[in-house]
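First, the structure itself, so that you have it in front of you.
Here the chain labels run A, B, C and D in written order, and each chain numbers its own residues starting at 1.
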Amino acid sequence: MLSETKVSEHAENLHGIMAEFDDPESLLAAAQQARLEGYRDMDAYAPMPVEGLAEAIGFRGSWVQRLVFLGGLCGAAGGFMLCWWITVIAYPHNVAGRPLNSWPAYVPITFELMVLIACITAVVGMLMLNGLPQPYHPVFNVERFARASRDKFFLCIEASDPKFEPVATRQFLERLNPQEVMDVAL
Amino acid sequence: MKSDEPLYWRSLEELASTDDFRAFVEDEFPNRTPDWNDPESRRGFLRVMGASILLVGASACTRQPKEVIVPYVRQPEELIPGNPLFYATAMSVAGIATGVLAESHLGRPTKIEGNPEHPASLGATDAAMQASVLTLYDPDRSQTVTRNGSISGWGSFITALVGARDVAGLKKGLGFRILTGTVTSPTLATQIQNFLAEFPAAKWHQYDPCGRHSVRSGAMAAFGKPLNTIYRFDRADVIVSLDADFLSSTVPGSLRYARDYSTRRRAAAENPNVAPPRLYIAENAPSVTGSMADHHFRMTAAGVAGFTADLARGGTGAASPEARGVLKDLEAHRGSSIVIAGEHQAPQVHAFVHAINQALGNVGKTVIYTDPVEANPLDEISSIVDLVKDMRDGAVETLLILGGNPVYDAPADLSFLDALKRVKLRVHSGLYSNETAAWCHWHVPEAHYLESWSDGRAYDGTASIVQPLIMPLYGGKTAHEVMNILANRADQSAHDTVRGYWQANHKGDDFDDFWQISLHDGVIAGTSFPEKLPPAAKAIDPAAIASLGATAPAGLEIVFRPDPCVGDGTLSNNAWLQEMPKPQNKMTWDNAVWISSKSAEHYGVTTGDVVEIELKGRKVAGPVWIMPGQADESLTIHFGYGRTRAGKVADGIGFDAYTLRPTDALWQGTGVSIRRKSDGYKFANTQHTQTMEERDPFRAATYAEFHKDPEFARPEEKRVAKDLSLFPLWEYKQHKWGMSIDLNSCTGCNACTIACQSENNIPVVGKEEVAKGRHMNWLRVDRYFKGPLEDPEMYFQPVPCMHCEDALCELVCPVAATVHSAEGLNEMVYNRCVGTRYCSNNCPYKVRRFNFFLYADWNTESLFGVRNPDVSVRSRGVMEKCSYCIQRINSAKIDAEKQDRPVKDGDIVTACQQACPAQAIVFGDLNNPNSRVAKLKRQQRDYGLLEELNTRPRTTYLARLRNPNPDLEKG
Amino acid sequence: MSALVTGLRSMAQIFHRSSNSLAKISIVAVLMLLGGTVWAAYKINAGSFITDVEVAREQPVPFSHKHHVGDDGIDCRYCHTSVETSSFAGLPPTETCMGCHSQIWANAEVLEPVRASFRTGKSLEWTRIHDLPDFVYFNHSIHVNKGIGCSTCHGRVDQMPLTYKVNTLYMQWCIECHRNPAQYVRPRDQVFSMTYQYPENQSELGARLVKEYKIQSLTDCVTCHR
Amino acid sequence: MKPEDQEFTSVATLDPGPDKVIGPGHDYGSVTDEIGGVVFRPFLKTPRQMFIGFAFAFLLVNLLMIAVTWLFVRGVGVWGINMPVAWGFAIVNFVWWIGIGHAGTLISAILLLLKQDWRTSINRFSEAMTLFAVACAGMFPILHLGRPWLAYWLLPYPNTMWMWPQPRSPLIWDVFAVSTYATVSLLFWFTGLIPDFATMRDKAGNSTARKIFGMLAMGWRNSAKHWARYQKAYLLLAGLSTPLVVSVHSVVSFDFAVAILPGWHTTIFPPYFVAGAIYSGFAMVLTLAIPVRRWYHLEDLITMRHIECMSKVMLGTGLIVAYGYAMEAFMAWYSGGQFERYAFVNRMWAGGYWWTYWVLILCNILIPQALWSRRVRMSVRAVFAIALVVNVGMWLERFVIVVTSLTRDFVPSSWGMYYPTIWDWSTYLGTIGVFLALMFLFVRVLPAISIFEMREVVHHTAKEPTHALGD
């Protein structure tokens, strides 16, 4: 382990300062503390979703559901229009004596396409909003951060925060009695 | 007709033989999607696969392969490429000719139609005639002159034959014999007679295995001289058939008889003032005629003789109640009744029948006598017997066999082959190098009738000229040309010979016109024989009655009959006929031992058992088929199977009934024993369910019931409200095609099935595939039994596509490969079909057929010739079905359009309709209230199959009406 | 010490900084590639490699419609005799060629195959230019009779030294006219004219002719497929 | 210290019994290591059964290759189908496989919405099963075509024929339903895997593995914001998949219900097919989960509770199916429709396949009733056996519906029988091989249990240690 004091001097090439916790509860508490302290640019990392954590670090609702709704609409409309266009415009045939626009028969396709497009937007939208794929990220510089995907919980206050100040921030974090506090190099 | 213009033929011949022609023929033929069998199209397969993966084939048709197009060098002027030509000619079966019109595409005969001008056809055909065009292209036909089995030439053959003649000539022709089938051809007869005149010691024998032996000797017995009998069923109120299957093609004139009889039935059904005819039949095995009968007396073939005797005893004397009832009816219809004896009944029976008809005053009214149509009527049995005797005695040095196959079909007790081996020079001329050819020093290929100049007489004596449509494909020659060799006129063509004969016998100087007209019409005017008043038939004395009535020795009886499909065996190698379901049991590719259920139980055998039948020491083994309606203690077996040198199609299938057939029991014999050998023989039938299973696809009623309830065919619960649909109905503004099938006329003869096969390039699939349930016939004839298993009524129902207006098949096709046309046709687009087979599942009539493999034969080039260029040849993996002969509809419409006139009723005739001898099928425009089909559909008997499903079928049926004798009505 | 930091850095990071943009770019690239493939497929299918449009084929005799039709002004029907009466327009038998060429160009080298064919009676083998799939049934006579001109489908053959296709003969090409014949019909007497130009008022002229010739718009499958 | 060189935290892999979804003593790390351990186990340490199983499956895959080659060379005639029975094994298998797929979606989607925590340790696994089952199912509609090389005509794409698919046909509905289902299942499965890919990335020993998992994880870093959006998307997926899974088998049932064929033309088909699908699906999950849990000693993660819950679902859906059979038969009798009535007479005794009907009643209705008894539900062996029986029964059900109905429809003259050929069987067994092979590979190379969701379970159980779930 490298000793904190030294690294803190290179504030300019810091992404932020990170504190490690043992359990979700303390992380949640820490995050709320930080916010009270007035920190804004921060992120919390946990091996599984933790209720209230996102809100605690000031994350306001997500757009995913709106996208999905739009996707669903397009899918449904597209599905029905496709069937209608094929049977009425593209090549009108007398099929089994049914009218050209046998709309009841188009329901299944309409529905399936709605679901298909909605689901695709859900996943693609989620990834895009999360800015993924993003294989490189400064937090990975921290070696212990590997355990964020196993059993440890991290709070990272980012250098971009106007209130960020290497020494002060570090001392603030240490006050939250974490396992450890470390710098996140850029 | 310039068809005798030599250049024409030469260029055609060349075309026929060159690769160009083949290429051309191929190009006439539609899309072959890849067949993995041959490398060329294997590449095609991969190409298409690649295409589908790359989506390059976004248009389904990838790059067209290079195709060449080959024009004539000198184009015959009457020929318009792309339009078919029709030539009138005639086809002879067992010597009796029937007029046909042969359709020719660019010199390729592709289809046979009946000749409306010809009295024996009136435009109708039977299955054999339809199939004859396939025989023309049969690659198994003999293709070369052979000497002791090795290839030789016509030159050396002529030398050999002339040599033999000259040797015989030294002794006035002694030891020179000619064997032919029954000959009606005036030309050929004259040629032979001239030969005999030159060589008086030579002899001419005639033998046809299924000829009219009994009929001939019957007439001799009754009148002391041979007379030909013609029946006028259109005039008959009461018909008593004594084992006479006059509606099936085994009887000369059957097409005409079927037409007359059905016309009468139809008239009666449509017009209450016309008395419906009543048909009684006594027979041992169910026949198509039996299926039309109002009363079916089931008795052994021997019993039929007894029954005849019973009838002869007269009103009071008759023993059986049936006979009494029949006699009463006959008495009531003197002069308007027919008693007809079966071709295969004993001569005495015929003699009796002649007497009975005379007694009933039918002669000259419903029963007409004329001179015999045979050029040289003689007792063919004694003729062959003599020949064999002489051969055995070594009295025969040269035997010239013109057609025929005696080694296979001569009576077994003669052991023809042994005798034949004693003949020094044996010459055979025939379509096939058959069993007989195998034992002849010389075999020469015979020309098919579509390649021949000849002539022949119909059942009523009408003479027709047989003219060729194509040069002999395999260099065959006609009997005329062979006879010319003997007359030292080897270079004279059959054309000149035939023309010569008629010129010689033509009075007046307008011969050329006469000749042209005769060729064009297909009949020679004024050649039908005039009616003859016969001498009083030999009186029937009680002794004769007693002897005839004496019931045959008890015990099992065996009955020999020509096969319903392949006849006496001459047609065995025709795959269409082999795969044509036999009317009575829907069996294909086989013959079987028919037995009644009761007898089967008695002898401990059942369907599928292989039994050994023994008659007078001769044995044959064949599989058993339990046939409802078969008489007890009576076996029926059919000829035409068990061939050894017929060709790839027929060799080794079925068993040979001839090996059991003695001269003294030509058609039936008693004292036969059967022994069960093994079981589990697999038949290939196209229909497995025998009955209607409490359903009523086929609807019938007696006249009494019909008058009581005229709507019997469409009871309330079967009808659907016209507008019973969630959706508005489609309107069909221009045409509205529909079809009506009269079950009251249909005899189940299968002519329509084969006509359809020929018209629509329907492939043959073979026994295994049929057994799997994959037969391809677009138009199937369903057979149902009704009533007790022993003696049921037998019904036939032709089932083509119904062209439903609310077609269930269309609804479920994912690629719109089957949709409706503006004229209400249920279109099937082969090239769009991907083969989900969903349409077939959803078709309540199961009329769709699927190409599970590549059934179309793309390996046998000679068979390309038979295909109809106006119909796609379907490839592997696509669905197909009846199209109402769309190619005919389109061409008729185009012709009408070009002449700027509407399509007239009758312009469009479907193949099945055209072939049907009973005129049971009528096609036309339902929007035209005066069209025949529209009128028929307005009849009360009209009903739709499964119409309660609201499929709105365009094909509907007219219910069957029966006219039983109240006195004899069962129950 | 910063070296130490960098050392650490490189140890935990699996991917280099650039990989972020790389990842996003590659996604876009793949999508574009897919699109491109499909586009290319359609292009190829419309191109003459598949359709043979404007591709002249090797023939036994370099027959020039330009010369015979354009210069000599021979009528189409002189050689394609059955075009008005049959589904098949007809290809002239060697006889027809020899009709003239026994007199003119009687010894021309290029015509030797023709003379040979006439001598031997062995047909000339022309390579098909307008070759419909075998499951398509086209009838020349009805089109000609209803006022569809030769050049409408076959182009200005009078300007073709060697004959080639000017249309794809794809189904969509047929349907395009079958749905609205009015845009292509011309007066019957103009059918065999090579130089015929559609007038500006084709729309109303067409409509009139359609009525006059009782032309139907047939788009049923069985019109061409059976 | 690096994660990978810690000892696997040794937690006793004991089955905690029927009221716990997870064994005692587990913490975040231990579940991570136990599940991840399966993947990072050295190749040769793979359980022997896995090798044997995979080898067997691979043989079947080769059998399929042969069968399909022959099919393409000769045509669909190599199968026993004919007229009237134009659909045979191909469609039977298609419906069977699709049905099996449904359990996966049900578990991961519907149970998620219902907040059933016992879904957690089996959802990943059954989603994979769904994916592979759908893959197998998807093969058949193409294989059974007369001209498979034209299968793309079923898709709407602009072409030079100006021809399009015919959207009134249930088969086109199938195309859309099945392809949608396949896509959505894949998305669902992959989305679920992203955080675990990240875990794998961080656990991976060698750099290649780290790179591969790294790419798959797409840089997932467990940020709270990511989690927020992630959960939203996942919930929406679940919400959409739920009606989807119902629609898919309804559409499949339309293939029959829309047709007029007696025995097919039944309005009850959609619900009864869906129930049947879930029924067979759970049977298949059990058939697979029970051995795997044994071989990899996952008894503490896939506990008796899971097995019992699944048994209960089987029992329930089984009863719905039984109701379906009863209703079908009753309506046939009650409607009085001659053909409909005969179809069932034929199905039950008159026809050539009457025995298949009674075997399916035995397999799908009678035997599973044993699950009423807790003792049976508690016995892994018994449950496994019943699951197998149900698999067979559900296949037979489809056989009876497809084939028996076709053999005898309206016009007696065209009645016939269907006899499967060796190629029918090879194709069927072949797809089972494909399915198993994929399953074995999946279990070996990917976390077969959702790790992050197990951590949540640990979190919850930690919160209320004595909380008995679900009861």
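Things to note:
In this section, a contact is a pair of C-beta atoms (placed from the backbone, for glycine too) under 8 Å apart; a residue touches a chain by one contact, two chains touch by 3 or more.
It should be emphasised that the depicted structure is a prediction, and the values quoted were computed from it without experimental measurement.
Compared on C-beta pairs in contact, B-C and A-D come out with A-D as the pair having more.
Ranked by distance of CA centroids from subunit B, the top chain is A. Subunit C has its Cα centroid 47 Å from the Cα centroid of subunit B.
Chain centres here are Cα means. That of subunit A falls 31 Å from that of subunit D. Look at where the CA atoms of subunit C average out and do the same for subunit D: the two points lie 51 Å apart. Rounded to whole angstrom, the centroid-to-centroid distance between subunit B and subunit D, based on C-alpha atoms, equals 58 Å. Each of the following residues of subunit B touches two or more other chains: 55, 58-59, 808, 811, 816, 819, 821-822, 832. Residues of subunit C in contact with two or more other chains: 14-15, 20, 23, 45, 170-171.
Multi-chain contact residues of subunit A, defined as those touching 2 or more other chains: 91, 93, 95-96, 98, 102, 133-136, 140, 145-146. By the touch criterion stated above, subunit D contacts subunit B in their complex at residues 73-77, 80-87, 144-154, 157-161, 163-166, 168-172, 175, 255, 258-261, 338, 342, 406, 409-417.
Remark: subunit D residues 2-3, 27-29, 32-33, 156, 162-168, 172-173, 176-177, 179-180, 183-184, 187-188, 190-191, 195, 198-199, 201-203, 214-215, 218-233, 236-237, 240-241, 243-244, 247, 251, 254, 452-453, 455-456, 459 touch subunit A in the complex. Those residues of subunit C that touch subunit B in the complex are listed here as 38, 41-42, 44-45, 49-50, 52, 57, 81-82, 85-88, 90-95, 117-118, 121-128, 131, 133-135, 137, 139, 141-142, 145-146, 170-171, 214, 216, 218, 220-223, 225-226. On the side of subunit D, the complex with subunit C involves touching residues 160-163, 201, 207, 210-211, 214, 218-219. Remark: subunit C residues 1-2, 4-5, 8-9, 11-20, 23-24, 27, 219 touch subunit A in the complex.
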